[in-house]
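Just passing along the structure, written as structure tokens.
By letter and in written order, the chains are A, B and C; residue numbering begins at 1 in each of them.
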Amino acid sequence: MPTPFIMPKMDMDQESVIINEWLKQEGDSVEKGEPVIVIETDKITSEVEAPASGTLARILYANNEEAPVTQVVAYILEEGETEADLPEAPGESEPKAGTAVKQDVSDEPAEKPRKSATPIAVRMAKAENIDLDKVPAQGDRITKDDVEAYLASVDRVEPRVQVPATPAARRLASEEGVSLGEVTGSGPRGRVQADDVRATAARVAAPQPVPQPKLSAGQTLPLSSIRKRIADRMTASYQSTPHIYLTVEVDMLEAEESRKRMNQLAGEPSISITAYLVRLVAWALKRHPLLNATLEDDQIKLWEEVNIGIATALDEGLIVPVVHHADQLSAVEINLRMRELAQKARAGTLAREEIQGGTFTISNLGMYGVDSFTAIINPPQSAILAVGTVRRKPVVVDAEDTVMVRPMMMLTLGADHRVVDGAVAASFLADMVKAIETPELLLI
Amino acid sequence: MPEITYRQAIHDAMVEEMRRDGRVFLIGEDIGTYGGAFGVSAGMLEEFGPGRIVETPISEEAIIGAAAGAAMVGMRPIAEMMFMDFILLTMEPLVNQAAKARYMFGGKATVPMVVRMPGGSGTGAAAQHSQSLETILMHIPGIKVVAPSTSYDAKGLLISSIRDLNPICFVEHKLLYKSKGEVPEEEYAIPLGVADVKREGRDLTLVASGIMVHKSLDAAQIVAEEDGISVEVVDPRTLRPLDVDTIAKSVKKTGRLLVVHEAVKTAGWAGEVMASVSETPSWDYLDAPMRRLTGKDVPIPYNRHLEAAAVPQVDDIVREVRAIVNTQY
Amino acid sequence: MSNNHLMEFDNEKTTDVLEKSKQLGLLEKDLVEMYRTMISIRLFEEMADKLYALGKVHGTMHLSAGQEGVAVGTGKVMGAEDYLLNHHRGHGHFIASGADIKKMMAEFLGKETGYCKGRGGSMHIADVEANNLGANGIVGGGIQLAAGVGLAIKMMGEERVVLVIFGDGAANQGILYESFNMAAIWDLPVVYLCENNQYGMSADVTRVSSKVPFKERATAHGIPGYYIDGNDVLAVYETMANAVEHARSRKGPVFVEAQTYRYFGHSKSDRNLYRTRDEIEEWKHRDPIERFQKLLVDANIITEEDIEKIYQEMSQLIDEAVEFAENSPEPDVSEVTEWVYA
């Protein structure tokens, strides 16, 4: 059988050689080990020796032609053999040694483009999901430059919004449905920080039923972005937080007396019922830290600070300014602080920190004559207190069933059942009732 | 718990393991009568004799090569490099032999050896005896890099290192040898690859190792008292494999990351920590650019003041923490 | 011409194989087995070259054809319990130490069934369980480990020795002298075998070495040294047997330098620019296989027919190894990160 003369591979990364010269011609006899071809690689000129002894036949690559390594470049006939003994289809039916084990490492798609393209161009087209056939080529082959020019010429998706923001701010904005473009960044070079997003989000969210609508019946308006945010936030809270509600009725007689005396002592402005309640709530929260807490990542965080948010209705929506460190303030200080916050809220001049950091919320709809209602928890807090109107009505006041008319008020506590059990909530309300009915308790 | 020095903790770990396992031996320069350049092996020659306290010529490459060879055939050598800087003479046996044998041979070899090496500046030893070369070692798959900061960690981690089946680079800090800490009298081991939160906090995660843990804790105390800033100090303890989970969890909580190391900045491991964090979901919780405070890109100078200026000090850390938390970057 | 530096060998030239083998305690069957092993090495290397030319080999390789005398003379001496630290041109030594040719060929082709599951290739074939601590891609790499292995043997009180084989190139690595010193001061059972094939890649050993033979560098460390003809397989056997006995009897390290020659280039990119075709041809006249074969034929231990039969059998063995390797699975790429750590 004729011996195939295979062009040897000499380097790890070599694919072909240039045949400089055949030292023997077809029909010449060669000895095994005798130099037969002078070849040139990108490194060096070298000689290739005959793999067997015999007659050189069917040279497949002429002088100065490029020949692939590991492929047949000629044959050597043994004594007695002729050209007729050679395989029929030169080169093609030959062993595929080399190519068979070579891994296909190109990224080319299965369907090749009709025009030839550089590997980089093919990769780019694949990555950008464009049809290479549509790319006009400057030269013979489609190049990277051609693909880039094509990309620039067609309409692409709109560029990414370039608002500088921290990763945390971007995440929060996405979670809160806030557009980064609407947030004023407080970081260097105007970068939006997480707190900036929280402020924007908090400005528009409060766990409150809507105040009296000003709109005429039947009129339809698209949701404003503020309303949209309130809607999203409340929906998220209501859906993700299992709320429990507990309601108590409390006799406000002592509280009203107490408030009157305080007002006589402290002078103007008079202390509001809400301010008075904030003081008591702050006291009660210190005794029931689970209601002054946040559930996060399977951990209940008990806050040291007692910062009470006051749901405040504005024409354009709701806002919840926060009385920070309410447990460390007197009723008079709380009252002054609340007035200041309310004024700023109406003027739209609340600072970011004045609406942040709330750990509990009070919502008072008493001024609207509402007896009692349930409110949705303002995340990430774990509870909210809904305060109804003070209504005078007959009640039994002692063990002898004596009926008297007293100023009565309904308090409804909404709590996150993941954090707070019914008994804990009830105990908080019981303390509230005691404190309202016996204000001296705070002094003990 | 009794308080012992970092030096004593390392000494005790070696002695206890040598008593427990006859395959464990110590090899290095001047480790016998002299007790080692930093006195860590003082007294060991008397207990174990020259057969197991193997004093060598000054031939670092041969020491590590010998340790690797002995480890491959069943021994558990602990090699002491007099200074971490000298490890550079041993890159060949350490990196090309010890670290690769297992993989290269298709999982059929193990090279259980520990190379102990004192690193770091602060002793006026200048450029060739003060380097922190952890990163060079961390770059090599097959090697583990351990860097304890306390007596407790030093003993527990060294015991685990000696029992581990891989080549371990155990980086000690010269200035810590005299530091004291509580170490239980009963036997214990600290698993490799587990970070330790040395101080809990909520405003900033500070990752530091070795002596920088102590400087960082001092800085954390200062900013807590003066600024109300709450810093969480995380000590990886093992630099490779790095406990990215613990660091990332902390970053998720605090939203800020500062990495402090004594090694020079360029291609230092702070970059590895930051890159690793950015590959986790904690990236979404970052509210400030991640920062690193490292040794300056200089050889360690001799002069006392220059030497101190070349690596992070407590004041530098305080300044950096404030700048990050106050959104100055 | 590089071999002008050939000096007088310490060994006596083998002329009478019968007398020599009697003296060495080798039986006729031992001699035939040694001859067969030499043939199998030669054919393995020729097949390796062929497979490379066919593009079936992914990396490079270093062939030892021409050096079979050193491999077989040494391999026959070593006990199964002795450790071997091999160099990058290590196929012959592995075959001579009894390695499975199929697993070697599979490793050569990077297959899962190879000695190192395709992770090592030609340059890192190892069989740790069989005390074969691997070929080494670093020139002098095994030398670094040798003193440690010797130290472990001594500490464990075992009777093994460690044989570390390296080339003339490695003899100029500084680690050799750190290793000599350590092995000498601690009397370690290390046998240093310097396989001098005259070229460190292209560097003529006489051009890059201050003084040859290298044995004088060993004796300067108080280590007995021998300079022998590596193409005389029985001379190698004799010297190595004495060297191993020296180390095994706890007399400390010993050094042997065996002069030989490689026919193929250093690696596959070698164009033999540094030596002439004539030089290679001349060395082929000192071929270790032909010399041994002639002695065996002259002594009527084998016939021309036997030789043909041995070649056929060994060829078949190699062909079967290739077939085994080619039909073996590739490693699973999902396991690429396995075995970095224990």
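Keep this in mind: a contact is a pair of C-beta atoms (placed from the backbone, for glycine too) under 8 Å apart; a residue touches a chain by one contact, two chains touch by 3 or more.
Keep in mind that what you see is a predicted model, and the values were worked out from it rather than measured.
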| item | value |
| --- | --- |
| Centre-most chain [mean C-alpha coordinates] | B |
| Chain at maximum distance from chain A, centres defined as averaged CA atoms | C |
| Whole-Å gap between the CA centroids of chain A and chain B | 36 |
| Distance between the centres, which are taken as Cα means, of chain C and chain B, whole angstrom | 42 |
| Distance from chain C to chain A - Cα centre to Cα centre, in angstrom | 62 |
| Interface hub residues of chain B, defined as touching at least two other chains | none |
| Chain B contact footprint on chain A (complex, rising order) | 166-171, 186-188, 193-195 |
| Touching residues (chain side chain A, partner chain C) in the complex | 6, 8-12, 43-44, 46, 69-70, 97-99, 101-102 |
| In the complex, chain C residues that touch chain A | 52-56, 58-60, 268-269, 271 |
| Chain B - residues contacting chain A, complex | 255, 283-288, 327-329 |
| Partner chain C, residues of chain B touching it in the complex | 25, 27, 51-52, 54, 56-57, 59, 61-62, 64-75, 77, 92-93, 96-97, 101-110, 112, 141-142, 144, 164-166 |
